[in-house]
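Paired with subunit B in one complex and with subunit C in the other, subunit A is shared by the two complexes that follow.
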Partner chain A sequence: MKCTWCFEEIIVDVNWSTLIPKPPTYLCDTCENKLVKITGQRCMMCSRESKMKLCSDCTYWKEHYKGEDPLTSNYSLFTYNQHMQDMIAKWKYRGDYEVGKAFQSYFSQGFKQKFSKMKNIIAVPIPLSEERLEERRFNQALMLAEALTIPCEEILERDHSEKQSKKTRYQRISSENPFKLKKTINKSVILVDDIYTTGTTIRHAASLFKQVGCEAIYAYTLIRG
Partner chain B sequence: MLNTKNPLYSTTDLQELTKRYSGKLLLRQEIDMTQDEFSSAIKHQLFSETPPFKSKSFFYQCQRCGNNKKYYLGTIPCAVCQKNHYYCRKCVEMGRVMTCTPLYIWNGPEANWEMHENPCTWSGELTSVQEKASKRMVEAIQNREKVLLIWAVCGAGKTEMLFPGITEALKMGKRICLATPRADVVRELFPRFKEAFQDVSIQALYGGSPDKAGNAQLILATTHQLIRYQEAFDLMIIDEVDAFPFHMDPSLPFAANRAKKTTSTTIYLTATPRKIHRKLVEQKKIPHVFVPIRYHGFPLPVPTLTLCFSLKKQLKLNQYPTPFLKWYQKRKNPSRQLLIFVSTIDLAQNLKKSHDFQLKVESVHAEDPEREEKVQLFRKKKIDILLTTTILERGVTFPSVDVAVIDASHDVFDEAALVQIAGRAGRNSNDPTGEVVFFHDGKTNAMVQAIRSIQKMNKRGEALK
Partner chain C sequence: MKGYWHIVAITMALSAMFIVTDHMLWLVSLPIFLLILYLQKRLGKIAFILSLASILFFIFYIPSVKDSSDEFQFTKPIIGKITTSIHQSTTNINFRIKEESTNEQIQVTYFTSDQDYDLVGIQYGAVCEIQGDIEPVNGARNPGEFDYSHYLLTQGVSHQVIIESLSQINCETNTSILSSIFSFRDVLRKKVSEAYSEEISAWIYALVLGDDSHLSQDIIELFQRWSLSHLLAISGLHIGIIISVVFFILVKLNLCTKERAYNVLVLFLPCYALLAGGEPSVWRASLMVIFVILMAKFKWKTSTTDIISIVFIFLLILNPHYIYHIGFQFSFIVTFAILLSKSWILESNSIFWQMLRISFISQMILIPLQVTYFYYIQPLSILLNMIVVPYFSLVFIPLLFLLFILSPFHVITTHIATLLVKIHENSFLSLLKMIDYHLSFPWVVGSFPNLIIVIVYFVMAFLLMHFINQNKLSHAFKQGVGIVLLIVVIVLKPYFSPYGTVTVLDIGQGDAIVIELPYRKGVIFIDAGGTFSFEDGQATDKVFKQIIRPFLFKKGISKIDAVFLSHEDEDHVGSVDFMVDSFIIDTIFISDNFTLSMEQESHWKNSGTEIVRVGKGNVVHVNSQDFYVMGGSESYGNSNDNSLVLFSEIGGRKWLFTGDISKHVERNLLLDHPDLKVDVLKVAHHGSNTSTDPTFIKQIEPDVALISVGVNNMYGHPSYEVINTLDDENVQILRTDHDGAIIFHYTNEAGTFYRFLP
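Showing the complex of A and B:
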């Protein structure tokens, strides 16, 4: 099998450990080692690498919502280093769907460690606008959500598209909610997206679930940007 | 832009579109038209669709890059069609080719390129040897010969040699492409060509180039960029036809072949032809011309071999081989800069710190983000010793260097690489010689052949005097 990133052959050692079933590998050791997992101290709210229990971003959100933050917490697996940026660019912007399979494998492993005890909970991917979906032909958040062992429901929709990246941080934080709910639910949800950057997008989505009375609203993202 | 209400395009609109799109093979998103404009263009048969993949008995072939390797064939569940599609991962960096999106080729009138009366604004002079080769190239173009191989040694001055041929093609109103494997080379050639053909439309295309349109009469491009062309060029010049990745990557010959017109002339340039071309030359099965002598008339430096008994052991300890240090201290001309080729990135980095030369030492490799900068500093003599992997084996010119290859027995140093490496020395007429030493722990065929082929060229050059 070839590495899904560099196309070098992945060499599998044949010894006793190969007899134990392992999740499929998509990346060679070299490529895998270039990805950096968040391992040290992190903000308990947003997974940012941080010595403080609550990072400066989250302190801002706490004040902003005066204790009524719709998001229970976010958990991310990787940092957004150069290699990850290259992979994301090829996956999302170039539309190389197969790159996402490597992420799916990490994403489901991380889920088992962090969320497996939760019952009666569904995964909801952050949607793309129709226009963007037509262009990309797949939603990267859906691809990640589908890798999880809990039911996945696409109950969010995005009604207008605006390029997030072109706005300033302030504009992003104060911009209007681009999402709508297609139906109401009252379970707990895990919002799934590829990257948590300022937390604005996730909170727009989270606030809708909060309004309809969902108990807990988590976010699970591949990367803390 | 287009007048879509009126079904007939104005002459100028049509000319504009023809220049822009003829000879192109494009994805819809690469055609800069609104949906209405595009529908109208389709209705008037300005573009025709062509399938993105061809299935051949056991595999699918991407019709843009020619890939048919299974591991480059991706599958994607298309949200629009609600079906699984194939897509090509080989060329996905240049836009995704997938089964539900056709490729478009221009189907409108043929483009008429300007017939320039006197396009060449270069005032330099060719040496008699250069002139002989360039005359041969002019002939090939005039007679519409299919192919000509120019075998010119490193430092022969091949760019200038091309000018008369390109001039001739421009006079005849032909469209020209010079394709080279490396973006560095395109960037370096672009200003020289603009200077030499000041009134001709010229564009440089490479990944991330400011020019994207590719609608000029004279195109300088990396070979990768050719995947967007079909039946476009009357004259195709392929530089360093032996270089990686051209000879390794079957996509590139596929694209280069498709990019030229059925009646076209192809010029191959090389200093170190691969076996296949050498055989064709020996058997006189390919028209060719030699340029066995450098523009300054001096022979190529012939490498010397130095055996190092404990080479592997010393390299493991990140030490320079002792014979190398001995040679270093007794160089004939210590004022020359030193270019040291090593086999791996690690070795380049580790050796850099291992010995105190009391000079500025740097290392460089393919993924080094400061690669361009370091090469520039070396050129400006702000760095005295540069340790490099094979990335600097070709395409770069430094005026006055000695060259050492450490662990020349290593596989990465094949014959072509060693000839190219030796060709870095003595490039300037002010210092036309330079030492080239291969430090090894066992003579390889590649070393012997490299020396032989350099000597052969020198002999051929001598005969011309």
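Showing the complex of A and C:
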């Protein structure tokens, strides 16, 4: 088995905890250690590393929605450091599907720890527009959602627009809602995406579910940008 | 497959364990477990298939330990090829041959204390003609006793020949690489013995050339008691020193490049392994190093657990008999456990903690094996290892290597060597002996009740180390407490058992009877005979060490409540002196006429033992058991007749223990107790015709007669008159010379007799 990122051979370090083998990992120890997990104190709302319980971004959102924020909370696993940026670039923009597999295992592990107690809940991946999907051939959010143990439903549609990552912060926050719901549901929802940056995209999607009366709308993202 | 070889090795080890301990049904659990791992994608296809294959392979490959000594007819003279190196100790030389017509392995032993024999032609690979008879190998005759016959069978040897003189052997040598290495070993030994004194040579033989047979028995036992024996077996430690020496000579002195030095090591280490006696622990260490070098050379990356696993599989395929080899088992289990704990050990920066961790892991993982082989654990050995291991590895062994290399220049080194070894003996060994004397608190565990408990132990040890590894220390602490509790439960088990036993030990010509009361309410001895050497008439500890001590250890006994000594003859009391030193004895009961030397009295009393004289008419209570003293007060003028006679009810039967009384004392006994009836009679005086009068037997009407008597003893005991008398009265006879130990297994209501020998 070779490391998905650096292609070095992965030699499992056999110790008492791995004496009974674990399912194979995609990254070698070196590459795995370059990824930084969010640990310690974090914003309760958006998972950003923060000493305050509510970070400055989220205070803004709270005022913006005046207590009617459609998003219950976001939970992210990793910080967006240089190594992660390189990996995401290769995965999404250069279309290396395999890199995503390395993330899948972390994503499902993190889910078991954080969300395993929730019942009657579905995962909804943030979609790509048809044009973007045509161009990229896979939806990274769907890839992550499929790694989870709960049912995954693609019930969101997206209009084509400029890439989020090419917009300024102001453009993003003030943009129109590009999403539409294909059908109505009234369960709780976990929105799945690769990265939470300003929280606009997630909130656009969340507001649709809020309108149709979903109880709680969580977001579960790989990275807090 | 890389990183997964340990699964194959563990599967092999487990299947071997199930096969060796006759738990074939357990084998089913292995494929199920492997399948689960495979389905959960934890195990690749190749590892899965190889592991499955290793189970199947082992079912057919592990040699069974069956006595086949009667199946073969050997031609005379016996002709065969020597398949081992010639093992020379202070008392004998021995080697094995492969008999030509049957391919059976035969052990050949020549007992001699004379060291000046000439081994003309007797060497590895030689074809020899031996004038001698195949003899049966002595097996164990008592519970707990070392079973030499079983031991040889596990090595694939089912026959032995003992020769009186080397003229009975005629050999034709075949020179081969192996034989040259072995004869080179003899040359080295000779050089060492010429250069240094006996003591130094003995240590060099042991720690450089892997032959500990010249060290004194005391030292070997001392090391064994404190779980230090691994230092006397050549293993990783020594190989490490060898590598340093070779490297120093070749690289530091600029004789060749590092790469060349590695090549030299790859060739040299197997030769050293052979020179050092070829024990599995040497092979393990050497092969692991060779693998590491080769891997680096060909740029194969793999984990150390893979390397040890491959070496394990390799050695076992080469010689399946290794699976029974205690050194093989200890060496691999400890090394594997240490490799698994590598990160935990290195987590600490202080050498002290690292040493403590290594010592802890080694001792903890070995407990099931240690208890299986020795019946006790020595908790403090964890600490002692921390002192002794650095001393041996950093000081003493390098020093011996140096002396060994310098032995050609012994004119200069002899005096230094003598001085150094004096320092070693006076400081280190005397410290060790002092610790042994004051701090030896062995925990006599007995034996693990069954395989399930052993497996439970290993699972708990695994979880303990897993939690430590994950830094979940409170979980780890709970597992640790659990492990201690498990051992406590094993130790306490006899205290909940409603069964008691009476064991007439087969100590040869002499008496030693052990009564363990139900619920372990007490352990009582009636006599504890010994042997004495004919040379100086001194009592020897042979019976104690080989029979009594292992018996008590196996039962998990470290305290004896009472010892009744019938009379002062050596064959009835000879082991007591040794017992008071190693066991706690509460009370020794002797008769009024027992002649006790001042020396003996103070020795016993100083060991904390109370000496109580009892006489006719006394009743002695030992916890829940009553003994009626029926004789031993009158002085008949000889020790045998003065014997204490005891009556007791055990397991619903009436027992009479008669010591060595003769016929007229029996008659007097009947005068005192005209209505005496007995179920079980310990026949007086080993079945001599001076005892066991027909009228006595007619009167007391025993059902069972126990005769404690040596095989082919020089007195001709038991006499045919006694046997006839007992036969005439339809008394069932159980005798130690035919049956080995005689065991009565009972509850408070009833019991059954068993013979130890089939």
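General remarks:
In this text, the second predicted complex is superposed on the first by the 216 of 225 C-alpha atoms of A that agree within 3 Å, B and C clash if a C-alpha of one lies under 4 Å from a C-alpha of the other, contacts with A are read in each partner's own complex, and residues count from 1 in each chain.
FYI, a contact is a pair of C-beta atoms (placed from the backbone, for glycine too) under 8 Å apart; a residue touches a chain by one contact, two chains touch by 3 or more.
Not measured: the values here are computed from a predicted model.
In the superposition on chain A, A:Pro24 contacts subunit C only, with no contact to subunit B. Once the two complexes are laid over each other on the shared chain, residue contacts for A:Val12 go to subunit C alone; subunit B is not touched. In the superposed model, A:Lys2 makes contact with subunit B only, not with subunit C.
Applying the stated touch rule to the two superposed structures, the subunit B and subunit C interfaces on subunit A have no residue in common.
For subunit C in complex with subunit A, the residues that touch the partner chain are 2-4, 6-7, 37, 40-43, 301-303, 305-306, 339-344, 462, 465-466, 468-470. By the touch rule above, subunit B contacts subunit A in their complex via residues 29, 71-72, 74-80, 85, 87, 89, 92-93, 95-96, 98. The residues of subunit A lying in touch with subunit C in their complex are 9-17, 19-24. Remark: subunit A residues 2, 7, 90, 94-98, 133-139 touch subunit B in the complex.
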